[in-house]
Amino acid sequence: MFFASDNTSTVHPKIMDALAKANDGYAAPYAEDRWTAELTERLRDLFQAPDALVYPMMSGTGTNAALLAAMTPPWGTIYCHQSAHVDVDERNSVPFYSGGAKLMPLTGRGSRLDPQELGLEVRKGKAAEDIHISPPAAVSITNLTEFGELYRPEDISQIADAAKLPLHLDGARFANAMAASGASPWEMTRELSTLSLGATKTGAMGAEAAVLFDPSYQEAFESQRMRGGHNLSKARYVSAQILAWLDDDLWLDLATHANAMGARLAQGIAEIGGELPYHVDGNLVFARLPRIMHVKAKAKGAIYHLADHDTGLIGDPETPLMARFVTSWSTTEADVDALLAAFVSDL
Amino acid sequence: MFFASDNTSTVHPKIMDALAKANDGYAAPYAEDRWTAELTERLRDLFQAPDALVYPMMSGTGTNAALLAAMTPPWGTIYCHQSAHVDVDERNSVPFYSGGAKLMPLTGRGSRLDPQELGLEVRKGKAAEDIHISPPAAVSITNLTEFGELYRPEDISQIADAAKLPLHLDGARFANAMAASGASPWEMTRELSTLSLGATKTGAMGAEAAVLFDPSYQEAFESQRMRGGHNLSKARYVSAQILAWLDDDLWLDLATHANAMGARLAQGIAEIGGELPYHVDGNLVFARLPRIMHVKAKAKGAIYHLADHDTGLIGDPETPLMARFVTSWSTTEADVDALLAAFVSDL
Amino acid sequence: MFFASDNTSTVHPKIMDALAKANDGYAAPYAEDRWTAELTERLRDLFQAPDALVYPMMSGTGTNAALLAAMTPPWGTIYCHQSAHVDVDERNSVPFYSGGAKLMPLTGRGSRLDPQELGLEVRKGKAAEDIHISPPAAVSITNLTEFGELYRPEDISQIADAAKLPLHLDGARFANAMAASGASPWEMTRELSTLSLGATKTGAMGAEAAVLFDPSYQEAFESQRMRGGHNLSKARYVSAQILAWLDDDLWLDLATHANAMGARLAQGIAEIGGELPYHVDGNLVFARLPRIMHVKAKAKGAIYHLADHDTGLIGDPETPLMARFVTSWSTTEADVDALLAAFVSDL
Amino acid sequence: MFFASDNTSTVHPKIMDALAKANDGYAAPYAEDRWTAELTERLRDLFQAPDALVYPMMSGTGTNAALLAAMTPPWGTIYCHQSAHVDVDERNSVPFYSGGAKLMPLTGRGSRLDPQELGLEVRKGKAAEDIHISPPAAVSITNLTEFGELYRPEDISQIADAAKLPLHLDGARFANAMAASGASPWEMTRELSTLSLGATKTGAMGAEAAVLFDPSYQEAFESQRMRGGHNLSKARYVSAQILAWLDDDLWLDLATHANAMGARLAQGIAEIGGELPYHVDGNLVFARLPRIMHVKAKAKGAIYHLADHDTGLIGDPETPLMARFVTSWSTTEADVDALLAAFVSDL
């Protein structure tokens, strides 16, 4: 019963096979290899973006930070939701890479940015025209969000219209978002300047693609990637993972499965009286359940995170506690059902 | 009718005299002079802090940034009010000096930090103990606040108790806060680790003192001051200003006068129906007045800032517009009365 | 005839097998897995360093930068050879990660640091005790050096004695250095505070271990690793590579082979009149050969780098041009002999 | 007998008068005042540079760092002499402000850059075109140099021709260089992109002008100035100093006097057998004198710095020790003669 994160899963066998196949002969280092060239073509086609630049990366944090740092001067402001991974979970990686840029956390609606609030803040920032004030530089959204909610293409268009700023998408769970939306890759990315396309959480070993829809960021991004230590010498083994991940829509199949497991879990939790404060659009389920249910589930060996730092398993058994459950490509229906059963089991 | 800022005033004659007197003979550079030695002794006595370290500075932003950067690792979090100058008006100086530290803006009560909200955020940060999360490092308060409100010593104690973190005070208007509170210098600073003591806005030419109540920050602060370009060679001329400012309580006299002018202005505004959304504790007056009154005042030559970036003088004459008025040591009663008269003058 | 770099080779089959074996079941992310725990034990034993901390990494540049940044304040000086990868080939990664620290490039003897020169510079730095001057913080050496020379344990002791500063070793080719020296792992590392242990160039897919012999760097290093984007979620796949690399001394076998190929190449080059300006201690061969020989070798398809940026294949055929040849675990005797034959082939 | 530095002198009376005169009425803050506007006009005329941008500053280090940071990306290389203040004496201010740029120290000829060496290094850097390598961004020269030597306009042209990069001049002693060269301000600056024009060492209280001959640096420089804490509120008092300094060529008169005192001292030292390893072009005299002479001079109260960190007054009386003597606008012939007499006095 592993629901702690989708990064605890193994690598999908097809991706392992691709690594074995790529392990053949000499290859130019630093992403000058033929796998990376092919990856670039594949993603340009997928996103209908013939000028896009593509870089194999192995770290979501590194990809986000190097992209955002390429999109802002050190004195700029980047707008994000207050739950954004880039602001909350990367130990100040964005001010670090950018040399001091500010992430301005917004309240949003649920776990998503609110176009109205965003528009207001950006207008204030642009109107200031005062050397004291950090000027608006970019917007970063996460899809799926940190709380598992989905931006559909029309939501992203509203964000873009409201801000009129370069837009970055943190796609650690981009496959889940795609599977949930039914949109085409072009529809989902047409407003973006840059994309962190994460495969690691959806079956890869350690593979992200940095996609620059706006190629004017090339020098800044490549420089940040290099000095950040993300210009990998044996990059072919990253690109080969993503190619296999894209083949025959494996990425969408894996995400569709993970999402289905999330939906099954959410429904089961609702049925036992749990509260679901966010839309469960994909493979992240946040739920409030009575403490006693958590005690039981943990006693049965379920692994997942309680989301409130101040509380724990000791205390009034009826108090509802928020928890985060993550399903993945390797979660089975039996896993979900076992967890649901554990909540209502005997101690 | 100059109410744009207290930094538009001249230098007080006694401070000019002190500069002339200090202009005598050779002096060791880089704050090794006898004026600076005397300043250190004077501030140690004033604050009853025999171990405090004192540095003459010329810039409030530089002082704030170098102090805060000495109090946090690059991956730390510094808590401040969402209106704090260090977060809003210094073009990302704190992430710059600190190498990436995050300022976490809090909503607060009015323009001051709310101890409860602060305590909750700090507890969450400390409880995390997760390498992803930026750990709590320090708190920064501004006294008077950016909106002219006062922290009394007991307020500062509540902040300190709630956070249990090193505490910095941005004292760009410290003299105004002292004059408003009637507290002793020791009472106002006993909870502080560091203080930016600003004299520039209260009659000096360009003089701040960085005060390290906690001398363990010495190496970090001196290094930040040096590499930031704030280790002035002819520091005697800064220290001499502050000495004259302290002599015979000149600083408190000037601040008391400025505050009285603020009170006079606030009362007059209330009498003509203006709304005062913040306590007017010192020399900063924020007020909402009908647009027509601003039109009239500006027509008569009054100089001050409208506080809302989205609006201006064109529009419905009755709409209330927020403005900021700042009085200073050189503001006269006649100045205040002229401004008040202008609001209700004929066009 | 691939001699451009040892990072153009494939992954050794035993390491591929280890990856496949590690692909089994859920594992805690962020290096909390059992492979990483085992790696820590293995390296503690190997280096006889029971307190050492070990972190799986994917990037040599990232490992070097995060380690060095943990060893210096932003205002410190790190001494290195003027050819050091950290100074020359990482696009300012060290000033970036450290927030401004200075790498002081020294002339050295050949491609290695000269203890006398180092000692003199460090003494000057320490004697200064002036806030203007960047104080000595650490020393970084590369073994094998960028030009393929070896530091033996006694050389490292001389460096350590001369500097009396924390010492970092960039071990991108540590296995080659170990194989060349015949020293024990403890002998080679006993003077070190930190080590970048690189497996990528010696048969791994993308695997480095950051080793902190001095555990006091823990918080700083873990923070730099995190905000730099090097805290990998699926770290087990990195640790598993290094474990397989260490098993049955595979690392030393692979390096011994690569070194033997380097020696064979060097001897052959000497026999055809090439000049070898550096000791060929391992798998890096720098040689000056007449331009015509390069023309021939390149015409036959040999791949390697000319080392002088200002010259190329066009020009006087007899002018000697410096080139760099790198052998690896997968270089064969036939590869070497083919290259040697190409130099003296007909056009 | 104060020869420690030209920053130990007082402020020239005419500059004090100008401060008193500027202390009149309200003035817009942050360099929006009429003194600064006049200063801009005056310097545009002086340098025949109608598009130049001018900023009043109070710190040479801050001016240098903010200018150079505006001229390079964080991953760039700035070339300077190995004795340059920006590299040696500013505690890593340039990598700090620039977010990681590298200063490459060159050996030069004497204390000046050697155009040939510079050209070679820049060509190597430009030819690399490798993401690993930090690309050439700018050159910084100091005039007078740290050892008191002069670049004449033709020397600067050679530097500019060799590098073909934006050129910065650290003019902490620009007035001394001008007085020594007899060149026109235009001749001395026509190759420059930026200039740190220092008045502090030549009679001001604390006043530098940052001059951007290339106005394309405006946004970057103003941003660095702001976040560095160098956008002074009461800037009129800085600009007023420089205006008075320029009036009636006061700056050149003061520098001419200081230079004459330097020449007198150098001649006297030569006559008593001292060795002068650098050309004494202005007000900096470096000389090797037998230790016994230093003992005598210090016993008579002379204040100056021994330049070798490893030695002191204890030891063989005949060993020559290098010292630095600085004359200033307030040094008198009697001061110089007293120092010369002290060297050969009885103990």
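As written, the chains take the letters A, B, C and D, and residue 1 is the first residue of each chain.
The rule is short, and it goes like this: a contact is a pair of C-beta atoms (placed from the backbone, for glycine too) under 8 Å apart; a residue touches a chain by one contact, two chains touch by 3 or more.
Being a predicted model, the structure only gives us computed values, none of them experimental.
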item	value
Each chain counted as touching subunit B and subunit D at once	A, C
Interface numbering overlap (same over half, different under half) for subunit A and subunit D	same
Reference subunit D; chain at largest CA-centroid distance	A
Which of A-B and A-C has more C-beta contact pairs	A-C
Fitted rotation between subunit B and its twin subunit C in degrees, CA, nearest 5	180
Where subunit A and subunit D are represented by their mean Cα positions, the distance between them in whole Å	51
Whole-Å separation of chain centres (CA-atom averages), subunit A against subunit C	34
Distance from subunit B to subunit A - Cα centre to Cα centre, in angstrom	41
Multi-partner residues of subunit B (at least 2 other chains)	74-75, 90-92, 96, 99-100, 131-132, 223, 226-227, 231
Touching residues on subunit A, where the partner in the complex is subunit D	30, 73-75, 99-100, 131-132, 219-220, 222-223, 226-227, 231
List of subunit D residues in touch with subunit B within their complex	2, 4-5, 7-11, 16, 19-20, 23-29, 58-66, 90-93, 96, 200-201, 205-206, 223, 226-234, 237-238, 303
In the complex with subunit D, residue positions of subunit C that touch it	74-76, 87-92, 95-96, 99-103, 105, 123-124, 127-128, 131-134, 309-310
